[in-house]
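Shared chain: subunit A. Partners: subunit B in the first complex, subunit C in the second.
What follows is the complex of A and B.
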């Protein structure tokens, strides 16, 4: 009796399971397969990781941009979350709205907005030239700087949300108690607030770093084709150069990199707790 | 930690308003050196606000707070050097017990050796020496409470402030920790200011109790003084249980007066008497009445009928309907009780003039 009931429940998730297998697992498996078979069967594509300068350059550029983006997003996000966490409940609602609104605006629109602000005849360069701070326009876009500006802008809300959640869990009485015991504001922050908000900080770092690794639109538009990150490079290999083997190899490496990052973090912190599962 | 002397605290005409709401209205209190003062009142009585003003977390709207005569009203909490045990203890969850206790010493930049010695002494004081390496969440409620105490005392504060320190514990543990807290106070001789809504805790712990209601100080004094001679109906009712007798002053004599209600006359002992004909209220504790045997007399006596009764182990509680005063509650020891209570039983109650205390009727 119980068995039949169980089977019934399992049937309910069958459509979702089939959908996942057909449209998610199967393509990834195929990507993996292609990376070992095109153009010739073997490990030829993976050998390029060690021999090709351009492959290595793309990987290093991507890692560098991701690390800088993550660090800046965490810094800005932490300051923002701290400010929000310590404000009154009604002010908190407005702050959170202000953080979320950019999230709802298309990433394409935001990337183009940055282009108009940062290009040679853009608002920033024009203003600086008009006030005489600089004589030649600065190269603010179509390079790494532009990519990082656009990516940090995109990532800050994703950094704020987990950090704010973990800061809001901190009992304000702990801060009052530390003060009553004689601690200065700096000590309270360093010894009480920061350690207690660390899980949120780690979660935000993980989220932003993984998002950044595979980011496509913003680097493509703000990099102007000159600075290539992994996602754009994969697109280039497959769509323009028709080098399927190389493209899928890099895609596989991207998946591996994300899984490795998750695995490393899982050793350090309880992921289920960070992302709100279990409890 | 022994041998240190306590400090004296004075609260002068303290008021705190939040917009149009007055949390504390013109309260003056003095806490002597080494004294254990309890601020007692129902929730919303302003007792916690007063404690937060003493600690420095709340800035008073008016009035001053002095420590040994020095005005500390404007001093921020981190520079007051007061130990505080918060409601719920506020132990740092990411630090071990020893680290929690060491925190105030670390902040004061004490050397490692001295710090360790003091932490050990403080943990000894609360009998938690074996628990230094545990995290707060691995301890029971009573143990957490003791860690909070050790943390608040380790830096030899001028004053120890306690915000409902026992309210989160179950009844039995509460009684145990009450005794410990009292013994601790005796042992270290510091000045303690405690806030509670639990009247038993206030009576058993304190040298002096200040009773607050709606932000006003109603009465202060030694526990026995407050219990035996409550000044107002609120005090008599909040501190223990009380019967209230309404009546008109009929006679005034040396050392007391008599009231009348209907055909009943009740005498009371009082230093000064209200004018003849005025309305007064007397408080009469349930345990201060006795059953009178046939022919026995007392300064006051009434006859009544048991309306209902309950058995409480150590005592009986009887609700006795008497003419002119409605229902009186009386408690009798069950051991060697002169009667076996049953509903409808007629009996005579007697009490002395001193047992019925005139109180101010401050009921809303």
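What follows is the complex of A and C.
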């Protein structure tokens, strides 16, 4: 039973709750409902998940890019966080600044910057050709490689922040004690540091993966029109092809995929702790 | 129909004019009615006579404003024509009409969208008792649900420094032996498939209907050597930075490339795909029938169309315009008779019926 003073607290969030329902949940539900009503009422759009090659291809491409992006961002992010967590407090400030600065630069600017670097006559190809490493320019952009480079670059700060937070909570005396007991550096890392930083790693993975699923600008700019991810595909269906049923079906699947990912992770780790609530 | 509240506002205003209540009293009264915002001011008195034209941004605001809007305002005192550069995609027009809150009068759209949206009963049919069919150079420029005050073309552009001989048509575009290098196409079936059909050797005079399956297979042939653009600036960039050595891009962008590179990048009119710049009027538009008169004036104004050609490169569609085009601009005018003769007028009707499926298949092929 809710006690009287608890009910008071619930009343406090009631306006926010109503606002969210009226202006966020209800319109989204309305849009998602189109997937069941267009072009004919029924599950026709969802049937395409199993019958249409193009729908399946978009989903597989998106999942592949997201998984690779997540893996690479975690790897780079982990190394970075490890380095930051073990450095002196003043050095830490500079490190964190260096991680955060790219986060504040517009995603559009960063995508264009990668284009200038990676294109046929870009800095990377020109340098490699001038030094004689290659004779023909490499295809570094307008393909999945380019998309992944751009996305990893965007995602690394999002991977670093939760991991760093969790690494900072690790008691350095544990590491010292292990060393004192004669453990090798690999043992210390593998049996103490890594397990203790695992919640941060999972949180970062979750954050990066969910972010990647809905990525729009970077794939659109670096994919050269040839690699379609889910978000751009939905935009195409809704804005240009007017197949709203199909577009909203995919949007529904995106929401479902995100909620499922969250639900699965919630069983494995304590989400409230990861996202900083109810510590 | 007037609501009670509107009547109260009217009464209060009358009293204010007769001096029976002070301005402060009036405002307080209106505020109490929740109607202060409804106070008629000069701008709102004209609201009924205001038309909203929607374009895709860039210098279109200035170009369309000066050459379509201004002349109409001058001929119809009390009417204002405002420009909006939100980008009237077919999806936006559909959601606006279906939500019942239409704020646009005339939208810079396309033939395929005109057929697509018109077929869904989302557009006002063009009233040809107001709009004169004789004011355009061909039937593809005056459709049931839209008409074109300008034209553009998808032309073959190439990097002349890369080839000893110049390409002359889409067959050369597909010839990777004779003209090696990456090709550039728009990620849109309309245009690409028309070119593929020409490369397949079909007679240009009877190009339509396109054999979609054969055209898609033709594009698939050179798939590994293709990059795709989705916006005009992107298309320019691909050619300028050497990502592609030959491409199908809009003539306006091709002109910029040719001028900027002192002729290194060249384009040809031969087998260009001439398309109408169709303006459509969403059903339930706020300006009502006045929008038809604006459209009629845009089609009739040959001089304005020529000014637009000078500013943005859009080809005039009025039959009298070609004679007004200065010599130095003729070369870049898609509807200049000499240029129009060697191009193909895209069949908007065929595309309207086949666009959705053909484009979905095209995108599948491109991304596969």
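Everything that follows uses one rule, which is that the second predicted complex is superposed on the first by the 260 of 279 C-alpha atoms of A that agree within 3 Å, B and C clash if a C-alpha of one lies under 4 Å from a C-alpha of the other, contacts with A are read in each partner's own complex, and residues count from 1 in each chain.
Assume contacts are C-beta pairs under 8 Å (C-beta built on N, C-alpha and C of every residue); 3 or more make two chains touch, one makes a residue touch a chain.
Because the structure is predicted, anything quoted here is derived from the model rather than measured.
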item: Clash or fit (per the criteria above) of subunit B with subunit C on subunit A; value: fit
item: First (subunit B), second (subunit C), both or neither touched by A:98; value: neither
item: Of subunit B and subunit C, the chain that contacts the larger number of subunit A residues; value: C
item: Which of subunit B and subunit C A:86 touches, first, second, both or neither; value: neither
item: Touching partner for A:196 - first (subunit B), second (subunit C), both, neither; value: first
item: Partner chain(s) touched by A:227 [first = subunit B, second = subunit C, both, neither]; value: second
item: Touched partner set for A:236, first subunit B, second subunit C, both or neither; value: second
item: Which of subunit B and subunit C A:123 touches, first, second, both or neither; value: neither
item: Contacts of A:266 with subunit B and subunit C, given as first, second, both or neither; value: neither
item: Contacts of A:174 with subunit B and subunit C, given as first, second, both or neither; value: first
item: First, second, both or neither for A:184, with subunit B first and subunit C second; value: first
item: Smallest separation of CA atoms, subunit C relative to subunit B, angstrom; value: 47
item: In the complex, subunit C residues that touch subunit A; value: 89-92, 94, 116-117, 120, 187, 226-230, 241-243, 356, 359-360, 363-364, 366-368
item: Residue ranges of subunit A in contact with subunit B within the complex; value: 171, 173-174, 176-184, 187, 191-192, 195-196
item: Footprint of subunit A on subunit B - complex, ascending; value: 55-57, 76-84, 86-88, 90, 92-94, 103-104, 106-108, 151-152, 155
item: Subunit C-facing residues of subunit A, complex; value: 53-54, 57-58, 61, 119-121, 142, 220, 224-228, 236, 238-244
